[in-house]
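Take a look at the structures listed below.
You will see chain A twice below: alongside chain B first, and alongside chain C after that.
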Partner chain A sequence: MTENRMGTRQVELEVLRYNPETDQEPKFQRFTVPCVNEWCVLDALNYLKDNLDSTLSYRWSCHMQVCGSCGMMINGEPKLACKAMLRDYAGVIRVEPLSHFPIERDLVSVADDFMAKLKRVKPYLIPGEKRTLADGEYKQTPAQLERYKKYAMCINCMLCYAACPEYGLTPKFIGPAAISLAHRYNQDSRDGGRDERQEEIATSEGVWECTFVGACSDVCPKHVDPASALQQVKVASTVDWYLEHFMSWVKK
Partner chain B sequence: MAKSNKPIIWGTFAAGGTLTAFVTPVLMVLTLLAATGHLPEMLGYDKLHAFAAGWFGKLVIFVILFLSLWSQAHRLRCTFYDFGARADTLVAITVYALAGVGSIATLVYLARL
Partner chain C sequence: MSRRPYVREVPRTTWFFKHPRYMRYMAREVTCIFIGIYTVILLVGLARLSEGPAQYEGFLEALRQPGSVLFHLLALAFSLYNTFTWFNVAPKALPVQVGDEHWPDSVVSGGHYVVWVGLSLFIRFWAGVL
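Presenting the complex of A and B:
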């Protein structure tokens, strides 16, 4: 690569490789990749795949922190490869697939567990009040929008699952993103599906598995703050519990 | 899956956590002031003893100690869990029993005031 006005740099990448057809277990492979300083780790991986080793497998799509595909462990921290800038790293950069998930191949992790949990919590609008087309749109005030907007930013990148020690210890835990998305719809003024979602998330493998470590919020690339969503779900579920057991005549 | 009964424990944990966040620092400052002899006259031993001897004072002290003990017991249980100790039932019984002993001791001492 020729000298660029932005400056180039040889980056040492230590990439976890695993081919289920030939390898007994994953192992690291070292590459020296000529990079532009302003690149992100995803650019370096793309250069590596295009020029050095075309067998490297990893997921990516948008390159702009929207699709949530390129989540991986970078120097042991869950990051989007498109958001991890090379200029922030010195020395060897270690790249591994997301923690707490099985490896499909190289940097590709198996997302089936998360997808199944996402489906269970019904992360879609279940209208509270049925309206016909003639009734017009569902209206919402800016204040009502504000109640869930932050939680609607989730891109399902699973970084929070890789960061959560509880998910690592107890894989049946529904986990930060899925519960945050359930909360996002519970908080929506147009929604009426909270009771259905509570059956999944107000359980011991739901929100009560969370011990408020807060790592999910530290790593979230979209500032969703899943930990705050889970705390709000705990408060609401506690109020529910007291109402259900001592004041069952009160409507939630 | 049935809804969890965890709210029974979590309710006292949350209430205790909120309470201790506000009350404990105040108590620490007052203790330090008392230890260095800078306590204002209105918070002197005789005044506080008289407050603690009344039923309202007893109630306040009991609620603060009971909730603090329960919240810290639950926090300890969670910490054990986070560090990977999987004997959750044993840990839970131990820490809640300690909180229970502390709560009963508080009751006994308050009754003897």
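Presenting the complex of A and C:
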């Protein structure tokens, strides 16, 4: 890596390449990319694609950490390429598609599994109390908002899945983000869909697959803290079980 | 264009060497082995106690062997690690919201430490050691 007075430097990028039409398996390819110091890894990839190798495939859209599409492994850590600043890295930067997902091509991973799981947990409001337009809006106090706010910050970037060893070992695990989103709606004062979601998430493929490694919360770029959502779902499901088996006279 | 996704298998027995945070997790899990053995030793002690003073004295004698002392030191270190790691993540499982705000994590885990020390002192007091 060399740095000059123009605020640019040569960055060595080692990119995992895979072309499903010609390659038996992925392999690393090294590029030397002239970069501005203040660039992020996504800028370096964009330069690479525009000037050095137009066949490189990767996903991105917003370049501002909101669309969640540029997730990739950067030096072995799941990161948003638009949030990973070059100035924080020295030496060769190794870029791979997100761990635990199949590789579609180059840095593009197959997200189908996550999308199917999201759908299963019904991550939308299922109104508890039916209201007509004439009844006006659903009101919520700041305290009611606080109950679920951090879980509403998820951008579906799947970094937490790439970090979660349980998901890597047991792909049927519904996983951190989907369960956190289920919890987000369960915690919402306007929602009445908890029973439906519990059928998906209070199961052995759901929260009980989680062993609280906590890696999801370490890597989440939006501080959603999925590990906390999963533990809270475990606690609430356990309380449900006791109420049902030993105190069935108590109305939930 | 044909789709032919490439699947990278996760090594089933060595995955936790891949990242320090996985190693820390495994360390936390391994602590339970020591706590389990220690619990068995306690139960054996109770059984000896119920058999009479001579048997109990023999049990205490066995505890004084260097190997036993070493094990207890190890078990102490591991159970402290277990306690600290769990208390520090307790706020994730048991968040406390009062009014519009959640209590800071330090207050929730701090509460656990206070209760822990309080209970330990109480038990020692109750057992007449203090």
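FYI, the second predicted complex is superposed on the first by the 246 of 252 C-alpha atoms of A that agree within 3 Å, B and C clash if a C-alpha of one lies under 4 Å from a C-alpha of the other, contacts with A are read in each partner's own complex, and residues count from 1 in each chain.
Just so we're on the same page, a residue touches a chain if its C-beta (ideal position, glycine included) is under 8 Å from a C-beta of that chain, and two chains touch if they have at least 3 such contacts.
What you see is a predicted model, and the numbers here were worked out from it, not measured in a lab.
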Per-residue touch tally on chain A - higher for chain B or for chain C: C
Partner chain in contact with A:K234 - chain B first, chain C second, else both or neither: both
Which superposed partner A:P165 touches (first chain B, second chain C, both, neither): both
Partner chain(s) touched by A:E199 [first = chain B, second = chain C, both, neither]: first
First (chain B), second (chain C), both or neither touched by A:K79: neither
Contacts of A:R184 with chain B and chain C, given as first, second, both or neither: neither
First (chain B), second (chain C), both or neither touched by A:Y242: first
A:A215 touches, of chain B and chain C: first, second, both or neither? second
Shared contact residues on chain A - chain B and chain C: 165, 169, 211-213, 234-235
Complex contact set, residues of chain C against chain A: 1-8, 10, 12, 15-16, 18-19, 21-22, 25, 29, 89, 91-95, 97, 99-102
In the complex with chain A, residue positions of chain B that touch it: 1-8, 10-11, 14, 78-79, 81-82, 84, 86
Residue numbers on chain A that touch chain C, as the complex places them: 18, 20-21, 23, 25-26, 76, 99-100, 102-104, 110, 141-143, 146-147, 165, 168-169, 211-215, 217-218, 225, 227-228, 231-232, 234-235
Of all residues in chain A, those that touch chain B in their complex: 165-166, 169, 198-200, 202-206, 208, 211-213, 234-235, 237-238, 240-242
